[in-house]
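Input: one structure, supplied below.
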């Protein structure tokens, strides 16, 4: 996208595009290392300024709050999923669906979670539900049950 | 409130006020019965029009989606709580905290759920966290562990 | 509120409180005149700075967009009401309920409008529905049908 | 999208793409029948789990609340449109624009509705207004006045 | 509020109430010390569980991101204020108004910031503007210019 | 898009696409002139109805509130940027990044602004941060420092 009208991700399916874009931009923002004690890394193209120390710390917190605790990671990822749905963020929904799959969430459990999001958030959630289910179907093809 | 400047709830603590107001207004809206097949009941004061059939059905769905299924009710109530926090609705937060207590959610589990809400929803959630924790403390006094 | 712990509105019902607070603060912000070509008026207590010209123009637009046009004012006020409900702003809901009453909106029409807000916006709208219906009942007492 | 990097909708204009995607995903989610009393239908590709009974009921309510009542369907679709605009959901905006066209809403009426959405929701609505007007122009070509 | 129907803050004006409630609940949540390396402190009344380590870290980040950097603290507090206004959080608005006052923000600068919030966020911001201006006027009485 | 399945913008990079689409649709909506005193201009393709007088006035206000005042335009554009980020509108973010660049905002200042948006708005802002940084990098290539 940065160099012109062709995307480097055109040959990928939606699951692969999501992962590739997320990985590329996180590297751009956080540098090669997400370690908040490391200095900001130089970006290949134009030595760009990237994440501040505060931003790196926020990204680390964002990872930490889904780790196993008194509640298991699976429950926390479902919490992240329903929060993303009612706030209507497609990329956040895709991310948490992917994490939920890796925690063993079944389709029945996904749809009961979608129900809560739909009832709490209303019909405005439906377009995001459609894209979420589409993503779920593609992601299942990349992750054998 | 309808009759003048004195609230009928002034002598109640916050937990009792929440329950009393919710019960009173649900009766006003849904009529004596929340049964969607019943005709709209006459309101005592002025025979007001109340909920349509669609509204009654929505209220029923709102209850049904938290019932035990493939996911237990406890997990679904936590989903409802985190959704209410990121959407920043104090009354919804209070309602789901109360339901979570009845499902046996511990304070440690509450605070891990609050963490997800805070990280996903940002510092804008903090004032609602304060009021939610205050409600939790009062509600614990009404519901022996 | 500005002078201490007693509100000048304590003896009023909710409808009167809403109107008195709105009138008082609009006068504080816009000055005695909402005319955008008038200079900012001195505030009685401390000659405060008030609305900019842009802000006065915005307030005027906010009034103008509900006037009769190809759509009648009644329909536009219903649009304002449903928008306020899904955005969950109690004061905006109260304002548009009051305007709708003056346009002759019936309770049946109100509840069908509430239905759309509830289905589009989800259960998170319910607490605002309760307060809206409470306001409607009080406002009806101030405005003979 | 599910099978690789080519979309089955590339040869369609925006109006056709919207309809095709919506129809395809609704069938995936709700099964061949949206009847809530029917069992979940097997999805062609991988016999996926789909909508729960609660989800099907919600979809039915979502349709029912726009039917003619004390307020005509045209007014209710305008309510759905303004709610979708202030909540900033492009697909919901497109859906209600299409429904409004079928109810005979004129361009003048559309723009007065857009005004309310813009004033209530602010400049953040403008990008959705642009895409909504673009959709309206394409949709008009598919539906003779 | 925790002990019954009388608030410990009834004799305070709105500015003092805001500060007292915020201080009390932050102590309840974070413990006597907001130091993330300290163990959760026992709450006086019932030895409650409080903030997790993640929550304490988030609160620290929330403070850190407004400190002087390449942008001065005053600009960052204005950023926090406008963000709070468009997200429509009265307590967040009050907090940032108070911080802005301590940075020397003038009333003219406040109202130009309010303009941006109003135009970006729409008329739905107006009730929050009213309460924000009311808070500003009270806060000015507590902080000599 | 209006004529079929090929976009007139396919050969452009993301910065150019953003500008071209915005220019084209603003002309469609506002007519050749954004002067609110001019009559609605005829649209080339089908003499469409366009913006009302209220809409044109709103667009003018939207421009006016970022002009130099007591706060410099640069600060106001940063306010517009952070408001757009917490409300999560990609096009608004792109617009204000472009305006900030023309005001001389440095990358360090951008990232400190992003920090405030991230902390206030939460992790739900992250996908918009990724697209904003991508846009910033492309926009820098069009605007020599």
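Note that the chains take the letters A, B, C, D, E and F in the order they are written out, and that residue 1 is the start of every chain.
In this text, a residue touches a chain if its C-beta (ideal position, glycine included) is under 8 Å from a C-beta of that chain, and two chains touch if they have at least 3 such contacts.
Owing to the predicted nature of the structure, the values given are computational and were not obtained by experimental measurement.
Both copies, chain B and chain E, contribute mostly unmatched positions to the interface they share, with under half of the numbers common to the two.
Looking at A-B alongside A-C, one finds more C-beta pairs in contact between the chains of A-B. Chain centres were defined as the mean of their Cα atoms; on that basis the chain farthest from chain B turns out to be F. Overlaying chain C onto chain E using CA atoms gives a rotation of 120 degrees, to the nearest 5. Per-chain CA centroids place chain B at a distance of 40 Å from chain F.
Note on chain placement: the centre of chain B and the centre of chain D lie 30 Å apart, centres being C-alpha means. A straight line joining the Cα centres of chain B and chain C is 26 Å long. Shown for chain F are the residues that touch two or more other chains, namely 52, 54, 58, 61-62, 65, 69, 83-84, 86-87, 92, 106, 108, 112, 115, 118-121, 123-124.
By the touch criterion given at the top, residues 1-5, 21-22, 25-26, 28-29, 45-46, 48-52, 54-55, 58-59, 62, 83-84, 87, 89-92 of chain E touch chain B in their complex.
Chain D meets chain E in the complex at residues 86, 118-125.
Chain contact summary for the complex, chain F toward chain E: residues 61-62, 65-66, 69-71, 75-76, 78-80, 82-87, 92, 106, 108-109, 112-113, 115-121. Chain D contributes residues 52, 54, 57-58, 61, 64-65, 69 to its touches with chain B in the complex. Of all residues in chain B, those touching chain E in their complex are 10-14, 88, 106-108, 110-112, 114-115, 118-119, 123-124, 126-127, 129-131, 133-134, 137-138, 140-141.
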